[in-house]
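Below: one structure, written as structure tokens.
Order of writing sets the labels: A, B, C, D and E. Residues in every chain begin at 1.
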Amino acid sequence: MIAAYVARRLALAGVMLFGLVCLTFVIANVAPSDPAALAAGPDAGRSQIEQARRDYGLDKPLHEQFLRYVGDLAQGEFGRSVATGRSVGRDLARYFPATLELCLVAMSIGLVVGIPLGMLSALFKDRWLDHVTRIFAVSGIALPPFWFGLLLQLGFATWLGWLPTSGRLGVATEPPEPITGMLLLDSLLRGDAALFWESAGYIILPALVLSLPCLASILRVNRSEMVECLRADYITAARAHGTVPWRLVAVHALKNAMLPTLAIIGLRWGWMMSSTVLVETVFDWPGTGLYAVSSAIAGDFKPVMGVTLIVGLNFMLANLVVDLLYGVLDPRLRDA
Amino acid sequence: MNTTRRGILAGAALLAPWQAMGFEREGGRKVLVFSGNQAVPVLDPHVRYDWSTRMIQQGVYDALLKYVGDPPRIVPWLAERYEASADGLTYTFHLAANATFHNGDAVDAEAVRFSFERGLKLNAGIAWMLKDFLKPEKIVAVDARTVRFTLERPFAPFISYVPWWYIVNPKQVLANVSEGDYGRKWLTENAAGSGPFKLRRFDGNSLIHMDTHAAYWKGWPMGEANRLAGAIFRIVREAAPRRAGLQRREIDVITNMSPDDMEQLAKLPGIRNEDHAGFTTFGIKFNCQTGPTADVNLRKAIAHAMDYDALIAIHNGGARLMDSPFPPGMESHISVPGIPRKDLDKAKQYLARSRFPNGDIELEYVHVQGLEDPRRIGLALLDSLRPLNIRLNIVGQPWTTMVARGSKAETAPNMTSVYVTPVGTDPDTVAYQYHRESWGLYYGMSHYENPEVWRMIGEARGMVDKPARLAMYAEIQRRIVADQPEIFGMIPNRTWAMRDYVKGFQFSPIRFTGEVDLYPMWIEA
Amino acid sequence: MSPGSDGRSADRRGELNQPREALLAIDDYRLAFDSFDGTAQVLDGVSLRLAAGETLGIVGETGCGKSVLARSLLRLNPAPPARVVSGSIRFEGTDILTLSEREMRRLRGRRIAMVFQDPVSYLNPLLAIGTQMEDALRGQHQAAGEPQPSRAEARARAAALLASVGLAEPARLLDSHPHQLSGGMRQRVLIAMALAGNPALLVADEPTTALDVTVQAQVLALIAGLVRDRWLALLLISHDLGVIAASCARVAVMYAGTIVEEAATATLLREPRHPYAQGLLAAVPDLDRPEHRPRGIAGSIPNLLRPPTGCRFHPRCERATERCRVEKPLLREVGPAHNVACHHA
Amino acid sequence: MMGRRTRLALWQLRRSFSSMLGLGLVAGIVLLALLGPWIVPYPDDVAGAVNISGKLKPPSATHWFGTDEVGNDILTRVIIGARLSLLVGVGITLAAACIGVPLGILAGTAGGVVREAVMRVTDLFLSVPGLVLAIALVAALGPGIVNAMVALVLVWWPGYVRLAEAKALSLREEPFIEAARVAGASRFRILWRHVLPNSLSPIIVKMSMDVGQAILAVASLGFLGLGAKPPTPEWGAMISIARGYLPDWWWYAICPGAFIYASVLGFNLLGDGLRDILDPRSNRG
Amino acid sequence: MTALLRASGLAKTYALPRTAFQPARQLQAVAGVDLLLEAGGTLGLVGESGCGKSTLARLLLRLTPASAGRIVFAGQDITAMPEATLRPLRRRLQLVHQNPGAALDPRLTVAQAVSEPLVIQRLARGADLRDRVAALLAEVGLGAEFLGRFPHELSGGQKQRVCIARALAPEPSLLVLDEPTSALDVSVQAQMLDMLAELRERRGLAYLFISHNLAVVRQVCAEVAVMYLGRIVEQGSAEQVFGAPRHPYTRALLASVPRLGGAPPATAPGEPPNPAAPPPGCPFHPRCTMAQPACREGVPPALVNGLACPVSGAG
């Protein structure tokens, strides 16, 4: 049953991805730009530009280019970047793990801090802890990540010198050959503690900035759900029956509050992937966000399309996972 | 596994490692760390060049000749010497006997022939330099150490381009051909050269690590004892961390810093700034065919309203105003008398003579998106044009869009700000931008029209008689200035900041903005 | 200021005391709810006695405060907005209003247990029945400072409890979730949980309102059997006189936060004395006597933010006089164990 | 005489510190936007007066927040920037709501093919990484505040479809809608008279929050160099430029960022407060 | 008397949503129901929750399309009538909801709510409209001071009165009352029952009265149909059904009602089954004390002479 459901959802995701492809293709081609000029290089003459146009298939009519792009995608090829001439698929394979690592760490921060804080805030509703937490939560959503990132760089890197400013590893450290491409994981797999700590030092600030809106959302939803759940009849009943308070909060109420929290986690995951664009730009984090921005600004659209697809797919998968987790958490969804 | 820093890191988790460390070491030798903002997506020397790419290419490859010094000179390199025929059609190069590729293969005439053929046939990157004058079949390996090029017609700048045609090892390339791509795919991230450095690790977006080639056929100028272990090119897109890295001695040389940053860096102990006039010119191209700027008087009015001092001020003094379409230092450059400087009265006189005597027009000023200096110059221009009652619409656009618009006079913006770096020292490199054939290319966005000038440009590039050629170029410069197809702006200085233990830095204006020749550099400590 | 304030009601308390030692004694209990609109006098001087093994029904309409009263016995009303104004609730001799939360936890489930109205919302939808029961059992032991039974022990006891409320296959039930159970089974589970600590007093707040009539009959029969077998004191809250008549020996009628009449069930049904109680009885349609036309009570229940002065029923009362408007009537005995709060009864 | 609801709303608002803070911040920003041109110390600096010699001055009595890279007073430009940000924030939100709400209500009440079509397209847009799409679009259309707004509206409207659809779906089951159908009300009448007014509360709450988020989004595009054209003062673009002057001229980045933060915070807190009043049961991240 | 509303073979099947963990399933809410209501007649529909009585009401009102069967109202087949054609007929067929709080648009005043049907059906406008609304309110015992009030300012009983006034506004000939008093207190319920009786007399209305409260149905209705799991199991005059119930379910139902002063209610075993998974054969057989082996298989027994139980009917 679950397998069939997953298959159906994946099929739906496929349809959605096709929609995404169409959308990005349209956007990429509305502009009066000449990618061939970019491909051929700045000093190229007409003959070289025409050569590049042929090389990249840009001389074909749009619908043919579209069909070719879709065909390439079906084979897992994302086309070539006109700015660099490199395969977008290979670039993505290189950048995506970095972004994924960043997002995973940020999401972990969001969960580890957001959920307990939301719980505490609900328990101490309308007390000072709650007020502070709520302002903090709204701030998390209101702080411009690019600005906050700059401030953190200024404070922790430039003035205090505790943490590195940007990048993924020190200039002197040679990045190891990727296993998963996620440095923290790779260094653990290799048992390289020094590398682990170094990459941890580099990921802290960007992950913190990235996690803040997500943390805030989780906190807010978790708080208000906890408030609702703590008021729920079944909590009153469990109290009346003598259940221990901590279990009441941490199991009985939290489990129920986790359902909407889960939904927001799914949403925020997608959102987070999108805001890596800003955070990666600020922290010079070599991931898909930076890749998309620099390509977009250069007018190089194949990478942008590739990133959009990857991030969109990721979002759809995340939603699928959330739906499945819903089933794990909520027995009502499992059977009649 | 690399190196000292990691060991320390293992001990002190977060606090220690970003404190001052000193340069990188590997064994007893030092590693030079250079950092800039621009990636190296494709290393293939026949496909792509820009400053960062060419810096690495220059490291791992050799060419027949090499540019050195300021003013730039062309010196023999793989070729010990060359001869040109009197008609300017045939060039014969004699190769050094001891040159070898990194894998030990000799750099022979066939390698040279193959490399030029490859460059021409791929028709990308450097191809434009020689494509119209040299056919692949006219390159002949006379013997193992002699190559002869026969041009289609005389082309004076030929020699000035040869230093950019790097020689690849045909055996390696042919061994790695896929789908008849001339090894293009493989050379994107691999090297098959004979240069002073061997590629150790290539990650074009973050880090390129090269080892010095101990057995480099040309030897090492600083002596074997001081030879580096290698050089690392770190791509750090943001200026602040580059600067921080330099201050913390994680990086030895940085470039692409703003003039303001450079000013601050100059004050720091242990850091030395290199600040030199290059060849890169900044101009604001008028659309000479369509729109208000087709009116030469308006162009002159604008050129006289421009606040040239602001151009210098924006660079904190680190720039020179152009006094000719040609950069100073280029062969045949003259200081053209009467090149516009700020003079509001003159500007108003010209405006009065134009089709817009009262101004009241809005002009579009396009610059490449994300470039800071052209944006600020736009602001300065906007301010300068206010007395003429001309409004300025400052637009940053992606390169692709800008080029697409500039390809036709109908769509080209009124004004486009462009940096142009001449690739060779021959005056034709710059002059040809004003030829009809350059219309629509980014440096030809002004769609400048003057058949007499075109004729002279065309004639000069084939002239063998040097004094006559120089005179011709002097005249060309005067005429172009008179037509004012652009605001001749300034030549920004090229700047690097480096630790003072970095030695052997040699500037040459012919290189691109941040590009340095890593070969002679070493660390003294 | 109502004339029936503390001093005088204290005088009367003596008369009300039953000879039997009361398990539960509520005296002049006043509870207010604070809100934006002001303070609602939700309970206004409630006094009740309940002896061990006794069954008492509280009947009243929406908003009369009967559920709030029931929750007060376990101190489950959220505070704020709830606020005790005065009075005491003595259970087995101690005033539970003065207990700490920790001490209160010792009572919950073990001495006083509660059955709620809607079994759907009072069971945690995400936790297995077994988990909820084990948590309750272990929690009761923990609160009492006794060693907690192991999960397995707790589970075994939970299964036994389920069996004792007439549920088949208790072991399988423990692993199921609330949504897999029918309404009647859920209410049985809740009753089983209430019985877990062997309480002396069972408070049932509209235990059958959400159930269908055939199931209601089953649950009422179950409660009656448990009360009999375990010698439980039962406080049954309902709006349905029929339900109370089927379960309780004694009944108290509540109106707008006050008890207006208290009597043996049969007595009240036969000869209600308070005009409200009379009205209530007259309003109930009788299935077996279709010719009897139910009569409504004119007007509607008062706004407790601004309760009527004097007798809270007086605006709807046909017999109301000036005295009713001014003076709050206190409960007084009008027959054997029959108390009425009306100047005219 | 105010109704009880209004008084209750005001009471709730007053009681909540955070809502009052939000109200204060929003009022402040609106005031600055309205009075901007009359109160700024250097009105000329708005339109791109260049004074290179006075560039990058630290905060002082004459320039409270220093000067920027062409010598303009930062405070002046930030204050004038409030107008643009506010206008853009409100504009994007209104446009997105105007597209999304009718579609959502239509989808929620129509059902069938219409609903499927609308919701699938909505899902498509929702699954797109919003900022990435906006960046691509602005990069394609060319930077400029109007293009930025178009791009953001394009990624913003689906949120309203979702909200309005969910609300309409739940309303569709409401007995009072059924009652209207029994009375013979046409579909349009039900939509217009019953569904729309009853869906407004959460939409208003979302809009008030979205104004803040839209300000942030435009600033983000500005930061990436895709926002307003120079010399228009725009907060995000200012930070983008200021970044090049970190860390020595750090004050340059502080001021515009603080204003973005304050205004987004203001609208979010206000929205939070409004939600407590208008739509207490809902829950959004 | 003439048949005002006739339903034959009416059925409604819902598709339950498919989730990650469940296949698509169907729920038969109403199965093969025949009904006849005469002008001015009163039919009570009783049954426990989930038996399909509210769905049946919605089917009859064409608020949800029927899966099978026919509905004829006032001589016209409305089963598949387009909404536009149906609209004028709607005024004669009105509904009063169970929960008066939810049946009023919270944003409309009492006057707006009551006038809506009149406006829609173009029955009145301007001053006439105002007068008629006031008259309707007076008819349900509410004064003119209520005109400008919003639902949240009313008590439950008052809201229900507004709902009734609204239902009366287009002068219907049939009122479907879906548990009209179950959300009300007993003292208010009595007032409401009184008023309903009075209205019927005065206006000659027919009532389809749906309730789980048998005593109330007995008060209001002359005819009674008992539903169990989507089917009518017994139908007849109130006297017959309540006085001499024939179907085992009807008997169990009546015996379960707690009586004032009477003996404790008798209990029937078990609970109504899940409509998504009904038992085969007679749906009541798992709880029936009289069940025969034949009851446990085959199709559910049909309603013959107002009784769907061959066993009990035979005996």
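In the analysis below, a residue touches a chain if its C-beta (ideal position, glycine included) is under 8 Å from a C-beta of that chain, and two chains touch if they have at least 3 such contacts.
Keep in mind it's a predicted model, so treat the numbers as computed, not measured.
Q: Using the touch definition from the top, what's the fewest steps needed to get from subunit A to subunit B?
A: The fewest touching-chain steps linking subunit A to subunit B number 1.
Q: If you tally contacting C-beta pairs, which comes out ahead, A-C or B-D? Let me know.
A: A-C
Q: Per the centroid of Cα atoms for each chain, what is the distance between subunit A and subunit C, given in Å?
A: Centre separation, subunit A to subunit C: 54 Å.
Q: Suppose each chain is reduced to the average of its Cα coordinates; what separation in Å results between subunit B and subunit C?
A: Those two chain centres are 90 Å apart.
Q: List the centre-to-centre spacing of subunit C and subunit E in whole Å, with centres computed as mean CA coordinates.
A: Chain centroid spacing, subunit C to subunit E, equals 33 Å.
Q: Provide the C-alpha centroid distance between subunit A and subunit D, rounded to the nearest whole angstrom.
A: 22
Q: Mind pulling the residue numbers of subunit D that touch at least two other chains?
A: 139, 142, 225-226, 243, 246-247
Q: List, in ascending order, every residue of subunit E touching at least 2 other chains.
A: none
Q: Which residues of subunit E touch subunit C in their complex?
A: So the residues of subunit E in touch with subunit C come to 48-49, 155-158, 185-194, 212-216, 218-219, 238, 242, 252-262, 264-269, 271-272.
Q: For the complex, which residues does subunit D have touching subunit B?
A: It is residues 48-50, 52-53, 56, 69-70, 139, 142-144, 225-226, 229-231, 241, 243-249 of subunit D that touch subunit B.
Q: What residues of subunit D sit close enough to touch subunit E in their complex?
A: Subunit D residues touching subunit E: 174-176, 178-187, 189, 193-194, 197-198.
Q: Once bound in the complex, which stretches of subunit A touch subunit D?
A: Touch list, subunit A to subunit D: 15-16, 19-20, 23-24, 27-28, 30-31, 33, 131, 134-135, 138-139, 141-148, 150-151, 153-154, 158-159, 216-218, 220-221, 224-225, 260, 264, 267-268, 270-271, 273-275, 277-278, 281-282, 289, 292-293, 296-297, 299, 301, 304-305, 307-308, 311-312, 315-316, 319.
Q: Hey, which residues of subunit B end up touching subunit A in the complex?
A: So the residues of subunit B in touch with subunit A come to 2-3, 5-7, 9-10, 13-15, 17-19, 21, 24, 33, 35, 39, 41-42, 47-50, 123-125, 127-128, 131-132, 188, 201, 203-207, 209, 232, 234, 236-238, 240-241, 244-245, 250-251, 369-370, 397-401, 403-405, 407, 411, 423, 437, 440-442.
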